[in-house]
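Common to both upcoming complexes is chain A, partnered first by chain B, then by chain C.
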Partner chain A sequence: MPKTLSPSKLIPAGTLYRGREGQWSWVAHRITGVVIFFFLLVHVLDTSLVRVSPEAYDAVIGAYKNPIMGLGELGLVAAIVFHAFNGIRVILVDFWKQGPKYHRQMLWGVLGLWALVMIAFSIRHLSHVFGG
Partner chain B sequence: MATPTIETPRSGRMTPGYSRTTTSRGNFEMIAWLFMRLSGAILVVLIFVHLYVNLVAGDGISGIDFGFVAGKWANPTWQIWDLAMLWLAMLHGTNGIRVIINDYAEKNSTRMWLKGVLYTATVVIVVLGTLVIFTFDPCPVINGVPHVADYCPAA
Partner chain C sequence: MSTETTEKEPASKVELAPGVGGGGEIPTFDITLKVRRYNPESSDDAYWDEWKLTMYGTDRVLDALHKVKWEHDGSVSFRRSCAHGVCGSDAMRINGRNRLACKTLLKDLDTSKPILVEPIKGLPVEKDLIVDMEPFFQSYREIMPFLVSKGHEPTKERLQSSEERERYDDTTKCILCAACTSSCPVFWTDGQYFGPAAIVNAHRFIFDSRDDAGDMRLEILNDKEGVWRCRTTFNCSEACPRGIQVTKAISEVKQAILTRKI
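Now for the complex of A and B:
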């Protein structure tokens, strides 16, 4: 009897695009970009309160000074730092001759640098947020 | 009779009738693509210094209040810094969202509406932010009451 592949080996499991590192870094770049944009709208609005009165600005900034907002700020910085480093990677992929060849290695570089920056920043920021 | 030369499709030198793209939109998308990369490279510097000065140096986030902002905007360098950051980040972000809307909103009317809302928000925020940076008064007098701070002239 001739050897045949079992049907499960012939039928593709779903139609999900498997672009691996390149695909997921693009998804993360897109999500962080949108998050940062909406934050920026609010950030310009709250900063504009300096034009209303010092009290109005201090009241709103004071309302931000709690652990939940502190963790939110940490998340926003994490999003911006990833988007910035990965943005540089995208620029290198587009303009550097070896860029497309090393795009995967560069993503690990991005994630490594991101982790370093975030560890250092977390220590600093959380000690302000929880240190009173 | 000489053999007619047939230009390659992307040479931009073919008979106009055969061109697939109308010239009305020009190379806007290419300029937008380039702008994303240029503004991104500049924004890295602008934003990282912004985050360092406001959240890491000195008292970090605990030090932020009206006086902190007044102290920064007393210096024209920070005014220009923040102005450049506002404009570049808003244009970069707006173009990014425009691309995302084009990617996911399939109905013409949905795309138009979403982009209308987007561009309105962008104009409002950029104009508001610019006015705030340039009309900022560190020692305002509100309803006849002058603001008290050590950097303000005593009333």
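Now for the complex of A and C:
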């Protein structure tokens, strides 16, 4: 059999490491962490505006009252809720003796709780955003 | 010296009809093997090379690599020694996961798609599948992977109960293949991190009742680049070809540092 040189010979990209639940929960934890950090940055700035001028503060907060920001808030809550529950899971992995053994089951628990909270929150929040 | 034998013993005590094997025909199948190649002498870029091979149902990824090296392209480079999962030489990334090529049966992989073989991540590639293991062994040496005991050497054996032996049994299985360390996302980005393998081997002595340097090893691993870099992604536990509960061992070392109790 001759050696076949494929056209992909020139593509140097390697594959992504195919980790499992542990790796992807860590990736999600990092991403949500960064998202929350940027929110806090903006949040500290807009809240500190009230010390400068209450009118400017009202104007900025008023600008948030539109559907796009409403969906953004939904995303933010989704990120915070995941980060919070997964944070508890990470603590348990480190400090509970059986933690490493049940880390996968705990992740399903985290996602279950996350879905539950998000369904309840979405109904209430979106009816506020789009219900007027 | 010995008495002469007049009659020659038959070559085999089992009479087999010609052409009859032991367990019948071994099924064969075709695979496409893609190997990520790199040769710094010819180019700075890595590239994928592929071969179509006909392999047996009993073959492993290592057999496919052998077939390529022996029959198609002798320049393909990889490490292997015992070829039976003991020496830990042939850890590589197979279909995106760290595995030993000698313990991964081809039939267990999806043979309808090309099988991707790459060097392990996080260590400098020297050629094709061969990486520079020095940073890995450097961390290993730093945790003092040998028995340290105070006082006089006993004249008898150092006694240990079976419970005491059981305490660190899991971490004695390490073969230093680097599958765990090179599966760790922290190690990929921070080469200073000790890595799972060094911590596993520290665990093996920290929890050994005969060893007296546990505190010293805990101090070494209490470093900024020590156990606290672990983000519990469980890639190491997943990758270990010996089934060591690596993340659990790291957690136990973390606990021991916090409580100073072994």
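One rule holds for everything that comes next: the second predicted complex is superposed on the first by the 116 of 132 C-alpha atoms of A that agree within 3 Å, B and C clash if a C-alpha of one lies under 4 Å from a C-alpha of the other, contacts with A are read in each partner's own complex, and residues count from 1 in each chain.
Note that in this section a contact is a pair of C-beta atoms (placed from the backbone, for glycine too) under 8 Å apart; a residue touches a chain by one contact, two chains touch by 3 or more.
Remember, it's a predicted structure, so these values are computed and weren't measured experimentally.
Counting only touches as set out at the top, which of chain B and chain C does A:36 meet: first, second, both, neither?
Touch partner of A:36: chain B, not chain C.
When the two structures are overlaid on chain A, which partner does A:115 contact: first (chain B), second (chain C), both, or neither?
Touch partners of A:115: none, neither chain B nor chain C.
I'd like to know which partner A:103 touches here: chain B for first, chain C for second, both or neither.
Touch status of A:103: second partner only.
Output check: A:94 vs chain B and chain C. Expected answer is one of first, second, both, neither. What do you get?
Both partners, chain B and chain C.
Per the contact definition in the header, classify A:17: touching chain B only (first), chain C only (second), both, or neither.
In the superposed model, A:17 contacts chain C only, not chain B.
With both complexes superposed on chain A, which partner does A:26 reach: first (chain B), second (chain C), both or neither?
second
Looking at the overlay, does A:59 come into contact with chain B only (first), chain C only (second), both, or neither?
A:59: touches no partner chain.
Please write out, lowest number first, the residues of chain A touched by both chain B and chain C across the two complexes.
90, 94-95
Along chain B, where are the residues that touch chain A in the complex?
So the residues of chain B touching chain A come out as 37, 40-41, 43-44, 47-48, 51, 55-56, 59-62, 64-67, 69-70, 86, 89-90, 93-94, 96-97, 100, 121, 125, 128-129, 131-132, 135-136, 140, 142, 147, 149.
List the residues on chain A that touch chain C in their complex, please.
Listed in rising order, the residues are 1, 3-6, 8-12, 14-23, 25-26, 90, 93-95, 99-101, 103.
Mind listing the chain A positions that touch chain B in their complex?
30, 33-34, 36-37, 40-41, 44-45, 47-48, 50-51, 53-54, 57-58, 61, 65, 70, 73, 77, 80, 84, 87-88, 90-91, 94-95, 121, 124-125, 128-129
What part of chain C is in contact with chain A in the complex they form?
Its residues touching chain A are 34, 36, 45-53, 72-73, 93, 95-97, 116, 118, 121, 183, 185, 231-235, 237-238, 245, 247-248, 251, 254-255.
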